[in-house]
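Chain naming follows the written order as A, B, C, D, E, F and G, and within any one chain the residues start at number 1.
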Amino acid sequence: MNDTATATKPSGNGLVGLIPVGIALLLFGWFLSLAPAVADGQRLRFVWEWVPSLGISLSFLLDGLSLTFALLISGIGAMVLLYSNTYLAGHPQFSRFALFLTSFMLAMLGLVLADNLIGLFVFWELTTITSYLLIGFGHDTEKGRRSALQALFVTGAGALALLAGFILLGTSMGTFELSEILARADELKAHALYLPILILILAGTFTKSAQFPFHFWLPNAMAAPTPVSAFLHSATMVKAGVYLMARLHPGMSGTDVWFWTLTIAGAFTAVFASVLALRQTDLKQALAYTTLMALGTLTLFLGQTSGYAMTAFATFLIVHSLYKAALFLVVGCIDHSTGTREADVLGGLGRVMPVTAFGAALAALSMAGFPPFLGFIGKELKYAGILAIGSEPFLFASALLLANALMFAVAGIVALRPFWQKTGEPLPRTPHEAPWPMLIGPVLLAVLGALFGVNPDLLQVSLVDPTVKSLLGSIEDAKELKLWAGVNMPLILSIATVALGTALYLGHKRLRPALGRLVEAAPNFDRGWDRFLAALKGFASWQTRVIQPGVLRRYIFATFATVLVAIAGTMAARQAWPALPDLSDVTFQNIALVLLISAGAILTAVTSSRVAAMAALGVVGIGVAMIFIVFSAPDVAITQLLVETLVVVLVAVALLRLPLLDRDGPDRRPLDAILAGAIGLSVTLVLLAVLESPIDLRLTEYFEATSWPEAFGRNIVNVILVDFRALDTFGEVAVVVIAALSAYALLRTTHPRKDP
Amino acid sequence: MNSIILRVGTRYLCGILVLFSLYMLIRGHNEPGGGFIGGLIGSTGFVLFAIACGTADARAALKVLPQNIAMAGLGIALLAGIAAALFGDALFTGQWLFINETADDKGIPLSTVLVFDIGVYLVVFGSILSIVFAMEEEI
Amino acid sequence: MIDAISALLVFLGSAMTVAAGIGVVRLPDVFTRMHAATKVGTLGSGLIMAGAALHFADPAIVLRCVLIVFFLLLTAPIGAHMIGRAALRLGITPWSQSRNNADTSD
Amino acid sequence: MEALLAITIGILVATSVYLMLARNVLRFIFGLVLISNAANLTIFVSGRLTAGAPPLIPVGADGPVGVVANALPQALVLTAIVIGFGLFAFALVLMFRAYTTLGTLYSEDMRVAEPRTEDTK
Amino acid sequence: MNTLVANLFLAVAWMIFFNTFTWLSVLSGLAVGYAILWLIQPLTGVRSTYFKRVWYWTKLIVMFNYELIVSSIEVLWDIFTPTHRSNPAIVDMPLDVKTDAGILLVTNLISLTPGTLSIDVSPDRKTLKLHVMFADDPDAVCRSLKHGMERWVIDAVEDRE
Amino acid sequence: MTWTLATPLVLPFLTAVLAFLTRASGVGRWFSVAGNAVLLAAAVLLLARVLNQQVIAAQMGNWAAPFGITLVADYLSAVMVVITAITALAVSVYALTDIDNRKEHLGYHALFNILIGGVIGAFLTGDLFNLYVWFEVMLISSFGLLVLGGKKEQIDGGIKYVTLNLISTILFLSGIGLLYGITGTLNMADIARSLPEVENQGLVTVIAMMFMVAFGVKAAVFPLFFWLPASYHTPAFSVSAVFAGLLTKVGVYALIRMFTLVFDADIGFTHTVLLWIAALTMITGVLGAAAQNDIRKILSFHIVSQIGYMIMGLALFTPLAMAGAVFYLVHHIVVKANLFLIAGVAERTAGSTDLNRIGGLYKSAPLLAILFFVPAFSLAGFPPLSGFWAKYVLVAAALEDSAWIIAAVALLVGLLTIFSMTKIWAEAFWKPHPDGLEPDLTTLSPKAKRHLLLPIAGLAIMTLVIGFYPEPFVAFAEAAAAQLLDPTDYMTTVLGEDA
Amino acid sequence: MSMLMDTALTLGFALVFLGVGLALIRLAKGPTLPDRVVALDQMTVSIVAFCGLAAIRSQDAAFLDVALVLALVGFLATAALARFAERVVIRRAAEQEDEA
């Protein structure tokens, strides 16, 4: 990461840096102004026909779900943009960065607002491209490029599946308009293609939101500058997948496939990720893995249909975005001022960076799920939601408990130890408090976490309920957000979480080796990626070596083999064989001619003497000319003889510089001979078949009738050449000219001596 | 190639060939011949010249660069085709003019078709020579 | 009568042509073979052309036949001269009764 | 005769394919000349054969007297012959140039455009 | 040469007069024209070599064809007989003929008469290399050629009074 | 009317003659530019005519079809002519800098413009033998252009290109002979009319397969594409650009024309074969690209793979699929030609097209980066660029037709295409230059910059326009597809009402 | 056309073909380069004869034009080949290239 290079320049990047912030704030304000309307249950829709002939439109829908996402995206976006303006102050490529980040934000907004499958897909892919460019911000390093490609490839692969899924969905439902499709949920679930559609779409969403086993690209994506991570990996990009599942929830949820796939994948990802998170020493990596955990949890809840689950989903979605963005930004501040992110090195920053520490503390407490923070409510709801699961509630509950406890511990590692623990280790740079533009973000977000915790009603009516509504269709089942719900199962589980979490936090240093061994045992998908690439390239170059070996003979052989298959194979397949030819009309003269030609041809093929070959060619030419004479084509015969003469002349000239035909003994190639014979035979058969059918001479009759009266020529052949088919002849003389020019250019263009 | 016999022979043959090629060109529309055949025969004349006396002399005798002859021929052929536009006809529609035409005899025909054939002649002539000369100069 | 003469000419000419062929095959070395090809062959074509001229008996055609023969007579010896020259330069010594020379094969 | 010619064409094609598959590209040129002849004959015979009556209109007549050979294939073949010559001439010059620049006529040794170290690293 | 033009003119006139154009009329026209010119030679007063030249040409052509036919037999005989009774050899023959046309004519005619074949003319144009099939006595061959073929050619194409 | 059709065909040859005869003075190159500008105008005029008359035909030499040669333009032909003119204009401007005086003197402009003439002739002719002639014109001028410069690899590549294309040419010619033998005509519409009367229909299929192979070589489909990757990376950049853009497309066009108009009797057989060819072509091509490390080689193999998409459209033979093929055809010409032009600039600035020997363009030549990014990611099929719609329509057609396998292949190949494009992007643009250079466009003279970047920018803008506003293009493609699938209009226009 | 001429032609064609065939044998056998050239030359001349026969048989002088062209141009190939043979000697001296 080279983004600490400009630590001493807090100045910013002037207008280039501030315009994006302005855009984000305006959007945020606009969405905020629409919030009341949405809270009243309105669904704001806007349609622009884009490709009507394909039934593709740019239609946008603003309901609870999309509004929640829109606000998170634009709001956090504003913070992050402001933050990065200082973070990357004076960076030579800042303007590109700002451009990419802004366009990413806009693409993301388009994604969550789109109401047309294909329109949604377009924005989906736009986020893919822009995040590729953002992750590749550190393109100078091999690692940076690798991460960017990995992210693009994995999500891109998913996107293609998603596209297929969308097309199937659209074609089988007869429309690409999401709201129309979702309105016909039962029809969709009953459709024969429901399962393939579901699988394809989930392939897209799981890769995008890094569900196991597609999780590995996300931690690597931390190669991006911290603000990017904060944005992409907390609030938005990775949540695009979650968003889509949520969006389709009303249309596709409720089936067993949906339930089991999402629940298991979600739960497993959550646990798996939080174990890995505890193992990390790099603060950013730790946060990345906790993001995975969060995504897993969200997926897990989307697998359900209960009101608790949906409320939990909506709440946790917001909670997580707030504290995760805050913490990423905090880590950015630490990195920015100390030059490191190593948990074991950092310590005692509390005094030097009080504001940062404050923000970190608030966010961490929310993350750990302490009252009175929103995180606590989120956790309570999560437990409530998990317990509402129809089957195996306790299994999933305990999984969630473990995940939460681990998250608790990680919160401590990330947000407490760097500030309060004592380490003798020296820091790369003498730390200093971060400049204010970098503090607004984390502090504000953290404070929001606290405020909503104390007073959840605002959140309830403005975002949570509408979101639940767009998931379940009504707000009836939406559960209330409150800090104190009395002593109940969730509360007990919370206390258990705190206890277990504290234990894990205190013991995590000792746990790490054990976890390390555990993870080593588990399959490493990141290394798998490298193996995959190696295999792909290996296979590619193998097949290319086989197909494209660079040896002309192989190419010609393959081509002729194809010709043979095409002709003989089709003849066999379509029974186009000719009858036995009738040779009654053959005269002695004809036989002599044929023998002459064949002898010449064969002599050409077998002789090793260049002159013999040349002369034999002449013989064939003469023989063919004789055929033209016998069968009344004087013009052709003359042309043939003249051309043959010139051929011999040219070859005779060329041979003066060319070596013998056979360097190492006469070449006899039985395999080639077989192929050649087969092709010759099949050509003969085709020709015989053609000659069986009667010839239609109306063109010729027309030429004979009009040649003199209308074209004033007695030599019909010439009249055809220069009048009836003059265009042919013109093209042909063009060929002759070009052949001459090309040959001339070839001879003049270089001289072997000059050529290196 | 320093052979007196060949050189002297060529002196006559070359002339004969060119003359003969023109004859074949003109009569081509009514009897065997035409632009291709004419051009081919004409070029053989100069090919013989080049073989007998070397390309330097042959080029000198020809004066014009063969490629230019060929390309000019292409232009002429094209113009012969475009000329039809002047008479509101489609591309390559033959336009005829018969000098002192009578009832039974058409007289001397002048036509874009002939011009086209002349273009063809020049193309074939020039092209073959530019290849053969260049080739000759390589050895 | 005229027809008979031209028929005879045609036959003789063809005979000459085949004779030339035989010569080219049977004679001992390239020089002697050239004798056969150059003149016997030319003679054959000439006779056939005479036959054709007599047969058509149309000045235009006769002129053509005459030209053909004339061109043959003009070109054949030149060709022969060049071949012979090449043969000499290739170091092919003429066959003679006294010693059958081994010819340099192609 | 058409049938016999079909067989001849087959033989021409076979020999030329054999030549084109040779290691020495000069043989490809020879094969090219042969196969062009085969193609021309194919067109010619596809228009069927008529002996001893060229498609010419005698002076005084408005059309050919009696049955004459099919003129169209003749025109096409004539075109094809000339084009074939153009192709041949270029190909020959190309092989010639190949020998003078690459120093070989053997296709196996022509590995400049696609060198053996083509495998990705 | 203008005499030749006159002759041709007369021939054409002759044909127009009879309004026929057959190969007979052509030949007869030429002959008659020649005769007329020869008759009126005193009147025109030109001491043209034309008449002699025409005579020599005719003689050349006739003699050549005679030679051609006769000596062909020899070669044919040798072709068809199993044993080669020929005794070929390369013979150098000194050349007297000077003009290009003369040289070409001589060499060609020699080549065309069976038994002899002109291989090459030395760069100095002094000697002609011949291949002779029946070279039992090379000098005899040369002599006969010089007094025969070459003589006639010189008469026909080269102005030597 | 007849001249609306004839003018675009005649112009390039006129240009060629003028440019050649004036090559000694530097005027020739400007004749080329001007000529192609006029050509574009004529082409647009033609398109306009076609748009309001559906199909237009003209009888050359006033000889009625099928006796004379007919020029005919339907939607497909017309749009191909326009796109050809656009490419020609762009490349002729690019060539102002790319082609040195030596090549000009050897007749580059004549070769180039006659190549264009051949291409247009192929698109406009309604006569099979005439098509052959235009193929020859195209082929042999491409020979000349390919080896112009005479570098070793050019000669080597040239030999492979020439030999294999000659084989296809001969096959084509023989096929025409046979087709004439059974129908007695050469006019394509007339052939289409008389083929059903042939009683040995099996034979018709055999001949159809001969044409498939012949045009398959031209179009560079599996297993006939060897000549393309062996040669396209060797000539001058403007040359490989016009090759990459146009030549293979003429093969595809011919396949589409023949297998919609003429050979539509035995679809069960021919088009199944085509479908397999399409799949294998896509896969082998894209894998070939994955194995390369040179920009032009990568791009060359991608041509092959993308030809597969077009064939797929033809093979599926549904209206949507055919529309996809047409759309892909047009989009691909613009994008691919542009990528080769850009490769040229990359070489001029960074010193090579070998990915191991260049880099750093992203940092120091952002303009070039953008200009590359647009066509590259369009080729990779990212929305909202032209390539996405091309891919989308074809995949949608395949899925609608329940052709699962081909759809899967198309998507998978799309993924691997992303892989190669990002490879170029990462190596040439992102990666620091191995020699520590900071290659930027200031190394080019202002004049050179104009000549090289103007066409590139123009084509890039076209890509964006097609991408952001695809409706008219898609609608056009669908109309073209409709014409192709129901050629009665075409036939009546060519042969008169009696057809 | 008379019976007599007809038989003459039939025989003629046969004989001419025979002549060509014999030339072909020599062409294949060689042994020396000039031998092959002679054979080809002989063949060309035979075709002139062949054209004459064809002209009489078809009562059409058009074939005489073929003969005319061939008579003029035929020896060009001979000349080129002969020169090739001659040059080969010089080359052989230069680069140890053997025409064997």
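The rule is short, and it goes like this: contacts are C-beta pairs under 8 Å (C-beta built on N, C-alpha and C of every residue); 3 or more make two chains touch, one makes a residue touch a chain.
These numbers were taken from a predicted model, which means no experiment stands behind them.
**Q** Give the label of the chain whose average Cα location is farthest from that of subunit A.
**A** Result for max centroid distance from subunit A is chain E.
**Q** Tally the contacting C-beta pairs at the B-E interface and at the B-G interface, and name the larger one.
**A** Between the chain pairs B-E and B-G, B-G carries more contacts.
**Q** I'd like the Å distance between the centres of subunit D and subunit E, where a centre is the mean of that chain's Cα atoms.
**A** 45
**Q** Centre to centre, by mean C-alpha position, how many angstrom separate subunit C and subunit G?
**A** Subunit C and subunit G have C-alpha centres separated by 10 Å.
**Q** Could you state the distance in Å from the CA-based centre of subunit B to that of subunit C?
**A** Roughly 31 Å separates the two chain centres.
**Q** With chain centres defined as C-alpha means, what is the inter-centre distance between subunit A and subunit F in Å?
**A** Centre separation, subunit A to subunit F: 27 Å.
**Q** Which subunit F residues sit where two or more other chains touch them?
**A** In subunit F, residues 13, 20, 60-61, 107, 110, 129, 133, 136, 140, 143-144, 147, 150, 152, 159-160, 163, 167, 174, 178, 181, 229-230, 290-292 touch at least two other chains, as defined above.
**Q** I need the residues of subunit E touching at least two other chains; which ones are they?
**A** Those would be 107, 118, 120.
**Q** What positions in subunit A touch 2 or more of the other chains?
**A** Residues 537, 540-541, 544, 548, 550, 552, 556, 560, 609-612, 630, 632, 634-635, 638-639, 642-643, 645-646, 649-650, 653-654, 656-657, 659, 683, 687, 690-691, 695, 697, 699, 703, 714-715, 721, 723-730, 732, 734-744, 746-748, 750, 755 of subunit A each touch two or more of the other chains.
**Q** Can you tell me which positions in subunit B touch subunit F when the two form their complex?
**A** For this pair, the touching residues of subunit B are 67-68, 71-72, 74-75, 78, 81-82, 84-85, 89-94.
**Q** Touching residues of subunit G toward subunit D in the complex: what are they?
**A** Subunit G residues touching subunit D: 54, 57-60, 62-63.
**Q** Which residues, counting only subunit C, touch subunit E once they are in their complex?
**A** 16, 19, 22-23, 26-29, 31-32, 34-36, 38-40, 42-43, 57-59, 62, 73-74, 76-78, 80-81, 84-85, 88, 94-97
**Q** Show which residues of subunit B lie in contact with subunit E when the two form their complex.
**A** 2-5, 8-9, 11-12
**Q** Contact residues on subunit F for subunit A in the complex?
**A** 13, 20, 60-61, 63, 66-69, 102-103, 106-107, 110-111, 114, 117-118, 121, 125, 127, 129-130, 133-134, 136-137, 140-141, 143-144, 147-152, 159-160, 163-164, 167-168, 171, 174, 178, 181-186, 194, 198-203, 205-207, 209-210, 212-213, 216-217, 223-224, 226-227, 229-230, 266, 269, 284, 287-292, 362-363, 366, 377, 382-384, 388-389, 392-393, 395-396, 399-400, 407-408, 411-412, 414-415, 418-419, 422, 426, 430-432, 470-471, 474-475, 478
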